[in-house]
Structure formats: structure tokens, C-alpha cells
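Here is the structure we will look at.
We call the chains A, B, C and D, going by the order they appear; numbering starts again at 1 in every chain.
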Amino acid sequence: MTHLRFALIGAGRIGQVHARTIAAHPAATLTLVCDPVVAAAESVAGTYGARACTDAADVFAAEDVDAVVIGSPTPLHVEHILAAVSAGKPALCEKPVAMQLADAEELQRRLAELDDVPVMLGFNRRFDPSFARARALVEEGAIGPLEQLTIISRDPAAPPKAYLAQSGGIFKDMTIHDFDTARFFLGDVAEVSATGQHLDPELADSGDYDGAVIVLRSASGAAATIINSRHCATGYDQRLEAFGPQGAILADNQRPTTLQVSTREASDAKAPYLDFFLERYADAYRDELTAFIDALTQGHPVSPTIADGVEALRIAEAAGESARTGATVRL
Amino acid sequence: MTHLRFALIGAGRIGQVHARTIAAHPAATLTLVCDPVVAAAESVAGTYGARACTDAADVFAAEDVDAVVIGSPTPLHVEHILAAVSAGKPALCEKPVAMQLADAEELQRRLAELDDVPVMLGFNRRFDPSFARARALVEEGAIGPLEQLTIISRDPAAPPKAYLAQSGGIFKDMTIHDFDTARFFLGDVAEVSATGQHLDPELADSGDYDGAVIVLRSASGAAATIINSRHCATGYDQRLEAFGPQGAILADNQRPTTLQVSTREASDAKAPYLDFFLERYADAYRDELTAFIDALTQGHPVSPTIADGVEALRIAEAAGESARTGATVRL
Amino acid sequence: MTHLRFALIGAGRIGQVHARTIAAHPAATLTLVCDPVVAAAESVAGTYGARACTDAADVFAAEDVDAVVIGSPTPLHVEHILAAVSAGKPALCEKPVAMQLADAEELQRRLAELDDVPVMLGFNRRFDPSFARARALVEEGAIGPLEQLTIISRDPAAPPKAYLAQSGGIFKDMTIHDFDTARFFLGDVAEVSATGQHLDPELADSGDYDGAVIVLRSASGAAATIINSRHCATGYDQRLEAFGPQGAILADNQRPTTLQVSTREASDAKAPYLDFFLERYADAYRDELTAFIDALTQGHPVSPTIADGVEALRIAEAAGESARTGATVRL
Amino acid sequence: MTHLRFALIGAGRIGQVHARTIAAHPAATLTLVCDPVVAAAESVAGTYGARACTDAADVFAAEDVDAVVIGSPTPLHVEHILAAVSAGKPALCEKPVAMQLADAEELQRRLAELDDVPVMLGFNRRFDPSFARARALVEEGAIGPLEQLTIISRDPAAPPKAYLAQSGGIFKDMTIHDFDTARFFLGDVAEVSATGQHLDPELADSGDYDGAVIVLRSASGAAATIINSRHCATGYDQRLEAFGPQGAILADNQRPTTLQVSTREASDAKAPYLDFFLERYADAYRDELTAFIDALTQGHPVSPTIADGVEALRIAEAAGESARTGATVRL
């Protein structure tokens, strides 16, 4: 099997990214698009010559579907993953696994009882070429044992309050990516200490933090510092720096061009950052799909897994507790 | 007509870039690939679900071909352009138009006698997002009237001597792109002064310069300086800087990642440059094709044209003369 | 009084910096150098045409001394400050005020009972041209209200273990500067949460942390994150970034030259950072002295003051407690 | 002789730089300042505790003067150099040696007949720490044999027309520094090709170019490209890049701080360049004086010499001829 036929569940913003990525991939074809909103399903399907459906059951029953990308709303992730696995169809599911750690753990238990069908979790940032290369350099020992990881992660603008109200909170909705990045570099996390901020007056009554600083510590003593904000005037601020005894590796922000403009006021001014995740992580979505396809066609285990999703959620819940109590939480 | 069926003539290195670009374009389909080497034609055609042929006449006769991309060897460009136009098929032809200015001018005269079918010349760098944005900023007056343009253009490594022997010389083979870039920013060129260098001992007997500095002057008095080398240890060095009374705009090199590595020896060391033109100008090839398709489907004139190819050749021949005689050549 | 005659107490490493800075200042003359090691006092005094003495009492009694720079060991700071003030001589004293917060507070109380003679504390980083300009831009509202401050502060190499043993610990010895920088930008600190690390195996038994991450929160809700290490392969790593709703301001590291070297392995590699504080903060020491002289000659209050030293010590003690207990400490 | 007593001839702008540099140098004392404008001489002398005089003859006769810095108007350089040498006093003279090549050559002849007293020419840029380090790296072979040198050299703003009228023209007044820099890197120059520009409408009738591009070729075939402008909105634009088969070394511009500001409009915008030569080359003037003093006290030959000044003038005259005729001039 060297060419895979994909179904896509969920034709929303992130689903459309996956549809385009699948269609452009030399080893993949998009054959089926499922969304309860029939117009959404048909629009995406039409663009890429696929069929449309509105019932996810049709996806799992389809004979011309080798693998499934799950981009449905988070509350449906567990159901869709279990159905895909039961149907013997490998799945790539968007993060987070679930809203509650308990639900993700329950999924993990149930998957252990089923046949071993690959389920990969869409922590796309692991596949960002710069982050991936930084991590490879760290693994190769370029800076010695990793001692301090600094992640700056700021969204260009806060989502609507209605979204925030059902987002699960900043740690599960936004920082979850950074928790996974920290685990990608540091391995398992032993301690979490979090500070939540209310930066944006407009969001004062949102019931959620819109800024945060979180310090994680691994069993080996390495520290990861994550700095989050729901807004950033210059765009989608996504940087990290790995530091060890032999040096440091910075993954800088990305711009649409390489221009540097010098005027009476400033020199070497670059363009604002790429904005938003669809542009910033376009290459990451492509490389993520390639990694999924390569794992399936070459028989390697997929990575990251549901277990990685569970661990990120565990850190997120601990961060929430730490931000409330002011105490470091040990995992 | 909002979706175009393309034929590709020439399945070599640059032809494969065009094939991939056409296949990935939402408004284009690749239907026919032509190459005298049947295996080459079939390999590229097979990858993208197109038919293969070995005789260019089949391309011009094909009913399911709306437009042609010409990536044949330079000596065949004139013949293929004329055949495409005679068949009423718009063409996008790789640079240079011809090896000799006289041949390009002759083509221009013959095209003037034929029906008006769009012919676009593949000066891909005009479509590089950074160069294009720099030029747009200059046109908008961001730095005032352009006074000095500096183009650094160095290949990562010299081609084989056999290639050099039939390349037409550095000015027609390599600098031709930079001459077009200079015209893209400055408009028509009034004077040329060139210095040729023999840098690489290995190429001492190649009969060609492997380094050059060329100074162009426009009618308005603006100067463009082009610095070329056939080798560059750090990769494909492709920069330009536009300078005017209000400021300067630099288009910097591109790297595969945004990493900056700091060690005991150095700080903020970036990766070597993207290497070679297929990677460095991948976005430019994509945007060039889009410009061609947009012009055809929206009825705009194509740009750059054969006339631009003629002018670039005229400068190249003048540069050759200046390098030989040491005198500035007026056009 | 527009020209000041200075005495220097302490002819060690930092004292020599002050001696040179005073000698080079157009409004200052170095007249007396005091150090219990007579050779040290005479060496520094000789270089700048000053007299030497070994007893600090001679400094306070000298008629040709208008002001005193105190660079004696920390345990003597309180005594020397009180003696200078009692003698009516303004003093610029190196940080920290004292090893224990209680001693610094006691000094503050005793100074309140004496005549008002200016005492400035040598938090030199406030006078670093880049940090000072960043803070001025923040004050001017360039980025809106400050929301997140990130300070990276790493020494090139750990001092000898013997030094560490009597240093008062990383928070009082090293982070104390960063605490003051945080206060310089954020104002008073309401909460402290600290994590200590043992990074260097050689220092495992030093009884002190050699790495730390500290999160401070101001009354207004702004957060400052400080990342410390006792070692940094690339040199003295001294950066800060101020972030607000309208933008961000980064103060980058400094190098001895502006060179960027590109080779087969890397592009735009800069030199390692300036190393160590004598070079990195040379301009800061100069501007600090100027601020002291300007305040005295123009009758302005000096800044920073002993109160600033007390507050930095208060944060340092809170950080120590937080690192031990894992709990956020409120001030 | 390890401490030198200096006289300064000329208390103008550049003279004041030398006065300050001498006064701050640990191995130098300023004892005498000479300027026909008595107030100017006394003002500078007073600042640094030196005597003042108005007749240069007093300088050469003074017993407490070991060496002379000549910052008089260019037409007096030859006379002052000869008088210094005749008096046995080593001299550091500002560039250019003379307005006309013939006069400089005549000086060279007359010096050859006198006793050997060191005369150093003030090509200060050779002592810029970044340029000097770049050249040292080239000498060490860091990029292999130098192939292409690119010098961008733009003044922040044109001097008054009255100055331009008697400046000797852009090549002798401004580019002369760049010619020396080219020789510093490439050695002797074999060919010159120059293009002059009239960029600034205000200077159209100044009788001089206010922009230029000059290409030099060394005997070894290396090329140096110099790009000049009398104006630059962003400040004093002083860059160079050395390129060879193993890599490239860029010496970038300098700013007053390391700040990088990111807003909605731009990211990582740096401050404008240091402006003007007094600030930009402050370290160069210091290191130039040190090199002069070191040569005298250690008995080394001084460098650069009058011969270097002659060669730079020779290139300047050739550039003027090339710009007029459009032909390459061989030296």
C-alpha cells in the first residue's frame, strides 16, 4: 500500500487545511468529506474531487477509505477515534484528545482493549521544520544536555468570547500545544508552576486567563518556561530557544518575505509575523501528514500518540490548579 | 475559461518544476508532456496523470491543450514559440529567448506579423515574493525615486565545463536574470560597464568568466550594480537592495529553517542558504504560473514579454563587449 | 560645584572599573583610593594620579573628597555608607546593600535619622543604553501598558566554589540585578514564584542553585520572567524583551564587532557575546557615574536608592523561600 | 619612551576628536594645541589642560612635544608634515595627503631626502574594530583568497555646496577612504572603472557627483566594488563584505543600542545607524592613536604611510578620469 485514500471528518477551518494538504500530497487522495453541514461537506469535497457525506458512520463503512483525518469538534474526538479503530481505519486526530483528562484516559483504556490500529494525534508543531530541526540538533548533542527551554507563544488576537467560554480554558485550548512542545524536547514533566494573567480589559469577564507564564520541570531537572498571550500586535508570535551547556538554539518567527526596510526612523525593519496558524504552520501540516503516511506505509509506529495527548492534558489540568492555588503541582 | 489544460515541452530539470507547479495549481491541469526522450516524457506524464509524446507537433495539434509551457533547450525556443502562436496556444517560455540577440529580434518581428496570442517569458525572479514586494514598495514611493540598486547573485557551484562551453557565456546564461531584475526595478538601461573575472582555477580554460561586476545606468541616472560568481560556499546567494533618498529595502537570502545557533565559537549562526534555484525560487515558479493563468483568464496582457527577453539579451551582449574592451557601452 | 573630587573605597576588579570611569569623566577627578591591601590601593591610585590610603576613615576625613564610590566587600557596605553620610559626603555604593534584608532595612532606618546626604545604589544595568532606552520607550507608551517582561540573564561561567559558598546564594548574588531590572520596568512586585536548578555537575555540592526561573507579578498584573544560569558557552547572555498590547521591544546581546560570517556550515554567524560585565556594561558604568554627578551638581534626587536595594533584597529572600517550598510568596 | 607628549595642529571638528582621544589615552598627554583662531586653540587646550598657540612653528620648536597630530586644512598638510619631520617629531596626519597627486608625490620625494622620522596617515577606517577584524580573518584565510569586496559607503547628508566646491570632488573627498579600504584588503589596484551620478536635485549645479559606483581590480584579479552616496536617510551607511571561495564576511552598520522593536507595522526594527563619523569611528580613532603610539614606543614602522596616501590619490584621479570618459583606466 503506497497510495492512501483519505476521508476527512469536519470541513471547518482546520479541516480545509487538511483537505488541501491531502490533495497536494503525492501519496494521498481525498475521497470522502464528512460534515453535518451538507454545504460545507460538498464545498470542500467539490474542490478536490471527493464525495461528500453528513454522517460519520458512512466514513467508517466506506470501502474506498484507507485512513481518516478527524477534524470534528473536540467533544466528538473520542467517539470518532473509537469508531475509526473499530473499523480498522488508521486515524490522525486533531488535538486535544478530549476536554477532560479523565475522558482521554478512558479512551486510552478502551483503545488498549481493541485491535492495534494506528492513531496519531495532531500536535502539528512537532513537524514545524524549524522546531523539528532544533529538536534534532538537541538530540544530536549540539548544545549538550538540554537545561532550559523557553517557549514564547502568542496568538495574534483573542477568539470571540463565545469561543473562550467553551474552550476549556487557555491551558487546554492554547498552551496544550506548548505543553506538547515542552514534552517533545524535555520528555516527561515532573512539576508544574503556573501564573495566569488578565491582560485584555475586554476579556476581563471571560472567566479565563488571557496571558500566562508556566514553568515546567522534567525529572532530569531541565526547566521549560512557556509565555502565552491571547494577543500580539505583530502577529502570531511562535518562538522557542533551547539552552544547554554547549550553546543555544533559537527558532525565530517567520515572515512572508525576507525584506528589511531602512528609513529615517528605523533600520532593517522586517515584515510582521505570519498570521495565523494556517500560514505559520502550513509546512508543519504537510510534514505531519507525510509522517502519518510514512508510518502507515512503512509499518512504523505513529508519533505523537494518544498517550502524548493524555500527558499534555494532565499538564494542562495541573497548570490550572497551580494558577488557582499558587502552589507548584507535582505530577 | 477558468480552468486551463496545459502541455509541457521538455521534461528535464526545469520542466519537472513546471509539471509539479501546474499539477498543484487549482486552476490548471497537466494533460500532455512532450520530450524527445520517451522515458523522460512518460515518467513526468505518469506522475501527474498526463499523456506523453515525443514530437512537439503533437502538442500544437492537441485539442485538449489550452496553453503550453516551453522548457525545451534554448536553441528550440524560437521554433516552439512560433508554432504555439501559430496554433493559437498561449505560451510561457523559459529564458533566454535565444542565444543571439539577432535571433530574438527576428522572433519579435515575426510575432508582430502573426495573430496576437500571449507569449510570456519565464523571468521567474520577478515573481519571487520578496523581490516582487520590494519592487512594489519602490513603485509606491517607499524610498523615493530609486537611485542605486545592488544585486548580489552567486550560484552555489559552477556547472560542468561542457555546459559552460555551450552556455552562451556568463552574461547570457547567468547574469541575464539579473539584467531583467535590473530592468524590473529601473526600466530601460542606457549604459553598461562590465568587468569579468576568472576566479576558479579549475575554470581557467573554460573560455568564460566565472565572476563579474556589471554597472548599468538607466536613462534617469539610476545605477544598478550586479555582482556575480559561479560559486558560493554558503549556497545560492540571491540578494538585492534598492536605495533611494527616503531609505533602502533589502531582500535577504532564504534558509530552510529560522534557526539561529549560538555556541562557544559564534552567536546567532543561521543555516546556509537554500540551494539551488528549484528550492530558492519554488514560490516564484508558482506565482509566475498564477500570473500567466490570471492574465489568460482575465484577459490582461502577460508580463514579462518577448520584448523583455530581447532587452535582457541586448544588455548581455553589451556587457560582453564592455568586459572585452574596458569601455562603457551605450545602448 | 560642577567638578567633583572622588574617593574610591575598594581597589578590586569593580573598583578598577570605577577608577577608570571617574578618571575619564570630564566632570570628575579621582583624588584618593582606599584599600586595606596597600599595593592594590597604590597601583590604582598611581595609574590615575591619585593618593592612596588603607584606612577608610581617611576617606571620610579628607577635605579634597567631594563624593565617594564604595566598592568594598558587601559586609562593609552599611558601615561605609553610614560613615560617608555622617561625613556629609554623597556616596555611590555597589550592590547589594547588604547580605540580609534585615540589615538593609536597619540601614534605611538609620539613614532616615541622619542629615539628607545623597546615597545612590549601583544597579548599573539601569544605565545600560539599550535597557534604558527600552524602558524609556515603554514609559512613552510605545507598546502600551507593559504586560510581560522576559529577562534572560546568564553568566559566562560560574565563579569558584569558594566564592559561591559566601555569595549569599544565586538570588542575592546574581538575580538581584534582574530583580532590580524587573522593578525598573514594572514597579513594585506583589508576588514571587521561583524554581531553582542544579545544572552543572561540578557545582552539585555547592549548596546553591546554578540555574533558576523566577516569575514576578506586579500589583497591576504584569508578569516578569527571569531565566538565569551560572554558565553560558557563548558569553555573557544579557537580554530582555518587554511586551505590551501595541508591540514588543527586545534588547539584544552585544558583540565586540558587527561581523557576520558565512561559510559552508552556516550563514550570518556573529561573534560570541561580550564577556563579562566589565566589557558588557562599560557604557552603563559610565552613564551611572554621569547620573550620580548630574544629580549632585544639579540638585536632583539620586536614583536608584537604598530603598531600591531593600526591595530587591526583599524579592531575593522571597525567591529563596519560593524555590524551597514550591509556593508563590506574596510580598 | 613609554609616555608621549602630543601637540595638536588644528582645533576644528576632527581636531577635537583627536584632542579627546589623546587625553583619554593612558600612554599620551596633550600638551599643546595650535590653531590660527586663538579662541578655538584655547578652548580645546583648556578642556584638556594643555597650552595653546596660534603659530605652527611654536609646535615644531616645543621641547615638551614628542609627537604631532596634524588636523590642519588639507592645503597645509605637506608643509606641516615636512616641518614636523625636519624637527624630528613623528606625525600622524589626517587624510588626504594633498589635493593633487603631484603634490603628494613631491612630498614623498622630499621625505626620502630627510631623516627617517615616522609619518602615519590617518586612514582611520583601517582601525575600525569590525573592518580590522574582517581583514584579519581574510588574511588568516577564513574565506580563501579574496575574490570580491563590496563596500557600501554613504554619508548621512551632503555637506554645504560651498564645501563641495573646494572639496576636490567626491573621489578625493569621500571615496578616498574607500579606495584605501580596498587597498587594505586587496593590495595594489591595477584598474579603475567609475560611474558618477547626480542624485540630489539640490546639488545638480554643484559641479560634482553626489553618487558613484567604482569597480577596482587588483593585479591578482580580485574586484572591489564601491557604492557611494552623499545622502542616506537612515544615517551613516558604512558596510563592507569580503567574499572568497570558502565564504563571506560582512561588517554591518552600527546602531546606538541593540533594540529591536516590533509593532503592528514591522518586526525587529532596529535604530537608525550611528551618525556621523565622529560617533561611527570613535573606536577607530582611539585604535589609530594606539597604533601610532605603539609603533613609536616599540620601534615598529607606522602604517598606513604617506605612500598609502599617494596610492589612494592615484586611484581617485583615475576614477575621475574613468567617470568622465567611460573607459577603464589602468594604473
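For the reader, a short list of remarks on this structure follows.
The working rule: a contact is a pair of C-beta atoms (placed from the backbone, for glycine too) under 8 Å apart; a residue touches a chain by one contact, two chains touch by 3 or more.
Chain-to-protein mapping (UniProt): A, B, C, D = Inositol 2-dehydrogenase.
A quick note: this is a predicted structure, and the numbers were derived from the prediction, not measured.
When the contact pairs of A-D are set against those of A-C, A-B or B-C, over half line up by residue number only for B-C. Comparing mean CA positions across the assembly, the chain most remote from subunit D (Inositol 2-dehydrogenase) is A.
One finds 42 Å separating the Cα centroids of subunit B (Inositol 2-dehydrogenase) and subunit D (Inositol 2-dehydrogenase). Spacing of subunit B (Inositol 2-dehydrogenase) relative to subunit C (Inositol 2-dehydrogenase), judged by their CA centroids, is 57 angstrom. Of all residues in subunit A (Inositol 2-dehydrogenase), those that touch two or more other chains are 143, 233-234, 246-248, 253, 261-264, 268.
Those residues of subunit B (Inositol 2-dehydrogenase) that touch subunit C (Inositol 2-dehydrogenase) in the complex are listed here as 233-235, 253, 255, 261-273.
By the touch criterion given at the top, residues 24, 26, 47, 129-130, 133-134, 137, 142-143, 246-254, 256-264, 268 of subunit A (Inositol 2-dehydrogenase) touch subunit B (Inositol 2-dehydrogenase) in their complex. By the touch criterion given at the top, residues 143, 147-148, 150, 152, 154, 191, 193, 195, 197-200, 211, 213, 215, 217, 221-223, 225, 227, 229, 231-234, 237, 243, 245-248, 326-328 of subunit D (Inositol 2-dehydrogenase) touch subunit B (Inositol 2-dehydrogenase) in their complex.
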